[in-house]
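Labels for the chains are A, B, C and D, by order of writing; each one numbers its residues from 1.
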Amino acid sequence: MSGDGGRVYVGNLDRSAKRAKDLVMGKLRMGRAVDWATAFSLWPVHLTTSCCGCEFAATWSPRFDAEQHGALPWVGARQTNMILIEGTVSKKMACAVRVTWEQMPSPKFAIAMGACAIDGGIFYNSYNIVRPWEIIPVDVYIPGCPPRPEAVARAIIELQRKIRQKRVVSKWIEEGWRPDKEYVAPKEDPCSWWRG
Amino acid sequence: MDVEELKKRIEEALGGLVKGIEEGKGFIDVIVDLDNIVEAASRLKELGFDHVKSLTVIDYPKENRFRVIYHASSYLDEELAKYIVGIGADVPRDNPRMPTLVYVWRGVEFQEREVYEFFGIEFTGHPDMRPLLLVPQLAEAKPLRKEFIVKEEPIIRVKPPTG
Amino acid sequence: MSVWVYGEQKSDLKIEGAIARRIAEDLYEVFIGPQHPGSGHMRIIIRVDGDIIVDADPDMGYVHRTMEKLSEGREWIKNIPLFERMAIHDACNVTVSYVIALERILGIEPPPRARYLRTLLCEINRIAAHLYGFGIFGVFMGHSTMYMWSFADREVMVELAEKLTGARLTHSYPIPGGARRDLPQDFPDQARKAVRYFRRRLEEYRKIFLDNPVMRSRMEGVGVIPKKVAAELGVVGPVARASGIKYDARLAEPYDAYDEVEFEVPVFEEGDALARAWVKFEEIKQSLRIIEQAVDWLEKHQREAPMHPKFWERSPPLWKKVFEAEGRVKLLPLMANLKLPPGKAMARSETARGEIVYYVESDGKTTPYRVRIVSPSARNAIVFKYIVPGYRVMDLPTIYGSIDYFPPEADR
Amino acid sequence: MDVVKLILDIIFYPPIYQLLLIGLVGSLVVVIFILWFERKATARVQRRLGPYHVAPRVAGFPQLVADLVRYAFQEVIIPRTVDAGIFILAPIVATILSILPIAVVPLTSNPGYWPVPMDYSVLVALAISTVSPIFLILAGWASNNKFSIIGGVREAFVITAYELIAILSILAASATVLSFNFVDVVEAQSRIWFIILNPLAFLAAFLAVLMATSGFPFEIPESENEVVAGPFTEYSGLLYGLNMGAAYMKRFALSILMALAFLGGWAPYTPGEGILSGYLIPSIIVIAKATVLMMAFSFTRSVYGRFRLDQALDGAWRLVFPMAILGFGLALLEAYLGVV
């Protein structure tokens, strides 16, 4: 089964995947179930980009308890499906944000938290910040500096509503890409400083 | 011990190294020659100033100099802990080099790296002279120098619409 | 290059405890962070020999938002909310010394009521920030209950601060010459209730966290910083006090009302992670004492404008009316174009994680000529380089959590 | 027709249906319940609500179903640097192996429903239960990620520590009755359970199972604050779901072994004839006891943090291992005295 160079020979994977997709999404009509499941299982990845992390932590504290909505901060990028940008993204952090975003398996979503994540906020003229929407596609913005935990919980609910009403996930799986959102490719490589 | 007595003690300890003593609000700056700064700092440390609170660098482009001050204070001597004494020197802007004080006060290691990237002052003898906070490309721009200007949005006053 | 290992001595370094030896090239190099549950907004590059860390290199700057540069272009008063973003969970403590430095240049002293109000908020913030630190510490060692409990109880203090200032975290409370708001009517009772609640809760914290055998075995003897090394490295705050250094900016150079209230500074000798946790724990108790005293004082004394008369006299009559009706000091119009006389000042205050130092230089304009900030986390960051080597990989989160490192503050 | 008959024959081959019915379906239901219970119980201790809004009427019970479905439909990323064959196979094999012990244990005393001849079932079940960790180590190694490799190495360390303890302490039960037959072990407990006769061995087995399935305070291989997700750092989608499920399924299988060896198996009930009385009721009793054990395991999460690797190993070798040996000695003594 395992060939040289780590390749696997198990037949035509693409065709099998397409047939499985047709069966599950077409005949079994699992679309709604997938939308429902993803909406209630939005796990944010552990990437604290800035000081809004204080309120991010408070959102999962007993007082506000965002785990009620099925969101559970998880450790690695590979196991999650949501990224919560907490405030300013510096030039060094932009690389980490983009790399983390690319590590996450689709369907994936992004919430930008705080005024800094919208257009720089109080650091609008800083020479070391990047607007998050330049690096990743953002679904929900939360205004505030910092936003209250209720606002973060509200953003999660808003994203859930969006997923279930617009059927984002089932369409994403059916069509193979996300139909309602443009793919954001960073104009300049955020990791150029690292690659030298 | 009051400030005058402290000044006297410092002058005694540093001997002829002192070029001038400047008094700020809440601290004293002892200015020495750039060549003597390691010697002066070692003597200050022997006096009991065992750690550096702040490595302060101020850019004076008109006078073509950086003022580099190590603001030291004491942990182990409770009497000295009340005062902040700076030992500083002027570094020429066109040749920003000075000897490192890492071997006098270990705690300044990261602050010297910070000054290196923000002002471009090179500390000779520093064990690990790399940028600390900035990405390498930005560190070349030396952002805390006065010629590096960030844009500011002015406050625009608009008359409220009438009627 | 040489690598530092704990436990032996090397000649070219004047530090006992941290020393160097050459290592083989083929060590395991692990990049921890910035997307990693064991590091906040920073990266620590560690080299591992088996399970022992032989070299740690903190890679900071992931949250560097250029506050020192931005402050040179903004008016004096606008810098208060800017600097607050360093540590928003400890907002009053990190800005109060900037305000004090401005007051020193202006040559004014705030009225006693303002000083007590500031002290009150500082201590409320200190408890909230210590609980934040405890929570992060707990989750770093896999103790999620500690995280949840301390964040739940932190809300009590956050709510008190919200009642006093109107904002959950970013209070912008101290302004040059005073404070922004007077005490609300029902505040004293609520504060006393909170203090009583905390005294009871702290016992439960001790039981589940500090005296928990699993947690104790993780913390004891980990990340030991001897007293001399602590002074040499210049660490601050609970880290220094856990190593036996009796230094607290509130004692060394009392600001606000700290020379009038009674409190003790807990000092421990062990210098390990457990001692650091205990320092924070004891400091919460002392802060509760200060809150009680401050509230008593504020209740006993008559209401007056918590603002220096120099500014208060020049404020519009409407502002005075607002104060009489609501106890709120609106930000005075003259503050926006405040001009400071030329001069330079330094001020220090004790934040939850240690001492913060501001150097402020004015050249007589409406904006600062230079503001230099050295935050406690920036000074504690050196612990990663010199103390972490020699411990096991699993000790890294313990040390990180115990020094309560907060990257946005360190990177400014 | 022949094909259908063949398939039916395969399905109704005793070890297979026990594996499918109890092992796969039963463990899935129990794991979904236990994960929900764990999250709810932890939330209760931490004074919060836990999963709720997914289905408020049943207190968020389907939360795990939502997570599972989400994982099932997420992209499975196979990085270019991994050894793809092992990377894909390891979690699948580990999951199968972790429920395989269920195929060789008796869940009733009625010989008609035994999956296999029972003479050496204790030994066989224990032997099978020790295979699955190897595939976790393989998963870590194939991932070609530093955290995965560290996690895999830690897994290896922990295995060496707990395996002997688990085997010794469960063998203590069979030593008491001087038989490797699980049915004998259970029948001997009809009067008094071995948890009372031999608490040392039970405690050692409890700790060993905690270590085997990365329960707190021994959650070391997946200790998130140093090694992200341990051996599973590179896994995404369904493969990660399998990996996570494997740990809990293994806990379920080991809990069944413990329920049989210490908690009297189907004890208060005497299995009779017919599928209901002879098979289903006793197996539900065993599963219920195993579930109670798993609920006890999940409480440690809210009370303890995690030990350091060396402390856990130290404790395992210096404290729990002698305890298991003492338990074994106690069992031999009881056998000599003829207590049972």
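The rule is simple: a contact is a pair of C-beta atoms (placed from the backbone, for glycine too) under 8 Å apart; a residue touches a chain by one contact, two chains touch by 3 or more.
What you are looking at is a predicted structure, and each value in this text was computed from that prediction instead of being measured.
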Which chains contact both subunit B and subunit C?
-> A
Could you tell me the least number of steps, going only between chains that touch, from subunit B to subunit D?
-> 2
Report which of C-D and A-D is connected by more C-beta pairs in contact.
-> A-D
Sort the other chains by how far their Cα centres are from that of subunit A and give me the top one.
-> B
How many angstrom lie between the CA centroids of subunit A and subunit B, rounded to a whole number?
-> 43
Length of the line joining the C-alpha centres of subunit A and subunit C, rounded to whole Å = 32
Mark out which residues of subunit D touch at least two other chains, giving numbers and ranges.
-> 46-48, 224, 228
Can you list the subunit A residues in contact with two or more other chains?
-> 61-62, 75, 92, 125-128
Junction residues of subunit C - those touching two or more other chains | 36-37, 61, 64, 66, 69-70, 73, 148-149, 152, 411
Chain-chain contacts as defined at top | A-B, A-C, A-D, B-C, C-D
Interfacial residue positions of subunit A with respect to subunit B in the complex = 91-92, 124-128, 192-194, 196
Give every residue of subunit C touching subunit B within the complex, in rising order.
-> 13-15, 60-61, 64, 66, 68-70, 73-74, 101, 104-105, 230-235, 240, 245-247, 252-253, 343-348, 355, 357, 359, 361, 369-370, 372, 374, 378-379, 381-382, 385-386, 411
In their shared complex, at which residues does subunit B touch subunit A?
-> 134-138, 141, 143, 148, 150-153
If you look only at subunit C, which of its residues touch subunit D in the complex?
-> 28-32, 36-38, 48, 51, 138-146, 148-149, 152, 208, 212, 214-215, 217-218, 392-397
Subunit D residues touching subunit C - in the complex, by the definition given at the top | 42, 45-48, 146-147, 150, 216-217, 219-220, 223-226, 228, 301-311
